[in-house]
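Got a structure for you, questions after.
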Amino acid sequence: MAVKVSYNTAELVCISSARLLEDGKVVFAGAGLPLLSAILAQKTHAKTLTILFEGGVIGPFVEPGKLPPSTNEQRCATRANMVLPTTDVLLLQQRGYVDYGFLGGAQVDQYGNINSSYIGDWDRPTVRLPGTGGGNDIASLSKVIVAMHHEKRRLVKKVDFITSPGYLSGGNSRKEAGLIAGGVLKVVTHLAILGFDEEKGVMCLEGLQPGATVEKVKENTGFDLMVKDNLYEASAPTEEELRVLHILDPERRYTTARGE
Amino acid sequence: MAVKVSYNTAELVCISSARLLEDGKVVFAGAGLPLLSAILAQKTHAKTLTILFEGGVIGPFVEPGKLPPSTNEQRCATRANMVLPTTDVLLLQQRGYVDYGFLGGAQVDQYGNINSSYIGDWDRPTVRLPGTGGGNDIASLSKVIVAMHHEKRRLVKKVDFITSPGYLSGGNSRKEAGLIAGGVLKVVTHLAILGFDEEKGVMCLEGLQPGATVEKVKENTGFDLMVKDNLYEASAPTEEELRVLHILDPERRYTTARGE
Amino acid sequence: MERSYLELREKVEKKDKGLREKVKSLSEAVALIPDNVHVAIGGCHYSRTPMALIWEIIRQRKKGLTFSKSITATEGDLLLVAGTTRHIITSWFSPGVTWGVSRIMRHYVQSGEAQYEEWSHMSLGLRYKAGAMGVPFLPARSMLGSDVFKRLSNVKEMSCPFTGDKLALVPALNPDVAIIHVQKADPYGNAQISGFPFMDKDIALAADRVILTTEQIIDNSEIRRTPDRTDIPFFCVDAVVEAPCGCLPHECYGVYEPDFNHMDMYVKLMMEKSVDGVKEYLDKYFYGPETFEDYLDLFHVKDIVKATLSAKKGYGG
Amino acid sequence: MERSYLELREKVEKKDKGLREKVKSLSEAVALIPDNVHVAIGGCHYSRTPMALIWEIIRQRKKGLTFSKSITATEGDLLLVAGTTRHIITSWFSPGVTWGVSRIMRHYVQSGEAQYEEWSHMSLGLRYKAGAMGVPFLPARSMLGSDVFKRLSNVKEMSCPFTGDKLALVPALNPDVAIIHVQKADPYGNAQISGFPFMDKDIALAADRVILTTEQIIDNSEIRRTPDRTDIPFFCVDAVVEAPCGCLPHECYGVYEPDFNHMDMYVKLMMEKSVDGVKEYLDKYFYGPETFEDYLDLFHVKDIVKATLSAKKGYGG
């Protein structure tokens, strides 16, 4: 029985990203949507997914309705297995204990580089964004999933500033810079699931969100996007996923609809 | 009223070293006699002397009669202010938080280098001694007091192996090796209190223990010992010092008389 | 600002390291901070912020301070608008994701009036750790290739002499003063932190001087019963101030959650009126009250009771 | 033995890191250790030694193991005489200052039969720490100029690119297996250590595999009530064995002090009869008993009661 479920773009991104997180793995989640999405995965298909937060938390079970607006506050430690110093929890990535880093993206380019620092000139920016936080470390040291809204001004050819490194200038440049592990795995938007061409280190369209078309994706992307041969269509959020999501974020603090 | 107190050579060394530890300072004490001597100082003239043990202890107040034979066992933590990882307590010296390192010496040379590793050839030693423990770190990073029995075979021209660095080959050699802080301050024996010529980095006789003579000291020293102009005679252990010492070490585990 | 190893050691060696009482008033403690020095702030984002000390620093009209903090929240706005600082070393700067980007940070940085020196979170942690360890740098595999790295003047790259791997070297950060809030400390400065340790142990060891505020001063004998819970040793510490609710409106793990009503009110004011809004806030909450107790009195009891109850219930569920 | 960063990461990435039960018997756990690998031993000297695991390692007649341990006590003698190892990496090796120098260590090392690779205590700690941090080395200001440094083949010197200071670089040590005894662990491997942490947190993170013994297996919900007391996270751990009195005759902080009568007996035997004495000891205490419980049964109840009572009284005085 096909029930028409309704969801907004933010909910779609959140649910679609959560699906990528496998049971038994370790995910380092940033504040905001990544945090919500990781907890959603834990409450649905990935019961033994271990979440790490920058504040210094291993394996918490955050309470529904009490999602904190920072990964550095005490509610993030709810029913945690371990609480440890910030530097030490970040170093777990350097040691290789983290399967996925999970970030939001303000501006991402074709190489998966993320900018969360400067729009415009570095010295006199139009917008000074909040900065890297643990983002640079996550992107330098782990395989990364980026969750974001799909807009031309957000998916750009070249970011104004590489806060969190993707494949830098493509090809072998990431490894040559010294970043021999990690790299961007997927970028999940409300229109598409984007992967990377392994050799070129360049973003490509792998899957379409329900209802999206290649044309629409291309229209909303700031560079010429490669399309993979075996393009698939992702399935829509299920009632169950939405139900759990709404329990987790009843006030819609993280899943406010964003303009199409 | 001069009372003739009786004490053995080990007790003399222990008490004489303890007197060098000033109130309000921080001392990193090795196992055995240094541990006993530091606690003696704390129980007599230096009430707020802070003792650090290699096991990871800051500011313990070890109970009389319960002196442990290792600085890594739990009785060392008695009434401690802090217990921390071994590497971290040793690093406090590198940061500069330790005023005195306090070591026993199996074999010490004219430059204050200590050997607690090999007697004879390194590859096929006559005696393989227990090794450095924290000794090398203490001697590399802090100002050091060495407590030992005065014998020709123990105070030698050149040690077979530099376990814990003094002034290496004298002159500027310690600094040139990269050891820009610390250095041996005093060597306390049952015959003498020995200091170092600052420029040459060479051991010299500063004080005589009660009853000792320059001749006797020289006779029992394996190299030609410089004598300072203002040579002094140290005062004998007091009844009070001996009384406290015997309370601390009632079984004389650390203060057995050693042959003259 | 870079100092030699021997200079750094000298500061520490000269400290009175005896087990002596160091309890001071808020104003006495803050008087230990000169102008134009580097102050590291303990806690992270809006958790365990030493707000009482920041409150007093602003009131004493300190000038030319450089601040470093792992993640900077509303206290960064206040220090900028009060004119206390024009240079903040941090990895992230805003009240929180749901509140948006700080207009104050944007105002001062976009105009070039203030410098927000951006390090990755881990790199900043390693800088403090190097400072705490007494080494001039630590190696890392982060920041390489990024513009964060390019924009910094005092980082280096090296090829590892053991493996040939390319590594980032981050320089030690040894603040002149560390200001840290803890749940418990004794009069000598032995401090026990519950919950998130953040970078505070390293900050305390890296700094020349340490000023603690504590929810509660406890007896030294209590410390000695659980020495394995002590996080900062007394000999690092120069002043201990008893400051219950000393983080408000920010949180203190296990004691109170943030006062979110107050935070919402502040952010609204800041976002709507920018610098003028924060000036209003400073007038009312910082310059107005005569004592820190009077500052606390401006909060709503019902909010504090709620924040306290939630935190005390704990998170062990 | 040196492995590349990617090889080291691969081992860790391939671990099953889910929150799953890992409780095993002593013999199942020790069966995870192959011959000819590097095993790091937790604890220090005769404190929190994972004796139950060493007991079983010797009984399973493992060969060609390299051991590292911060300070080596009587367990080092036993591993040498049993033929388990000919290579021990440590900073000090003997039962304790009042007992004199180990005749076993002397016998094997002086004859050239075994290698005692000597590092300074802090350097060894930094090696584990580098391994735990995922960097190939850490810088230090120790060991320079000494013959300890000269005798080591895998240390380097460098001139600091920031300050020009001469520094020692100590290479990361990433053991194949870490064996660690703790006071409390849950079935998933979350471990909480009381008292001295020694180098165990770093050892656990540096190693490919971690085998824990614990005085007591506790429920995961108990861990979650005090997550800030957890020292080793579950995803590092490959096996958890419940082994009460698992350090005897050595001590376990807060649970029992050393059995000094037993230690005196052992040292006397070892010092008087050297290798033959230790063989006797192994026959009686290691090869003789059928189970670890039977091993414990060879101790005297009055000694254990005394050791337990003293430790449980604590040291808070």
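Letters A, B, C and D mark the chains in the order given here, with residues in each chain numbered from 1 onward.
Just so we're on the same page, a residue touches a chain if its C-beta (ideal position, glycine included) is under 8 Å from a C-beta of that chain, and two chains touch if they have at least 3 such contacts.
Being a predicted model, the structure only gives us computed values, none of them experimental.
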Between B-C and B-D, the pair joined by more C-beta contacts: B-D
Chain whose Cα centroid lies at the greatest distance from that of chain C: B
Distance from the mean Cα position of chain C to that of chain A, given in whole angstrom: 29
Averaged-CA centre spacing for the pair chain D and chain C, given as whole angstrom: 37
Between chain C and chain B, distance of the C-alpha-averaged centres to the nearest whole Å: 40
Multi-partner residues of chain A (at least 2 other chains): 57, 77, 79-80, 83-84, 91, 94, 180-181
Multi-chain contact sites of chain C, meaning residues that touch two or more partners: 5, 134-135, 140-141, 165, 167, 195-197, 224, 227-228, 315-317
Arrangement of touching chains [line / ring / star / complete / other]: other
Pairwise chain contacts under the document criterion: A-C, A-D, B-C, B-D, C-D
Touching residues on chain D, where the partner in the complex is chain A: 5-6, 8-13, 16-20, 132-135, 188, 190, 205, 220, 223-224, 227-228, 230, 233-236
Chain B residues touching chain D - in the complex, by the definition given at the top: 31-32, 54-57, 61, 63, 69-70, 72-75, 77-80, 83-87, 90-91, 94, 104, 117, 122-137, 140-141, 161-165, 168, 173-174, 177-181, 253-254
Footprint of chain D on chain C - complex, ascending: 2, 4-5, 134-141, 154, 156, 158, 160-163, 165, 167, 169, 171, 194-197, 221, 224-228, 314-317
Sites on chain C touched by chain A in the complex: 44-47, 70-71, 90-94, 96-99, 101-102, 105-106, 109-110, 112, 116, 118-123, 125-126, 128-129, 140-148, 151, 157, 165-168, 195-199, 201-202, 251, 253-254, 257-258, 311, 315-317
Residues of chain B touching chain C in the complex: 23-26, 48, 50, 57-59, 77, 79-84, 91-92, 94-97, 99, 180-181
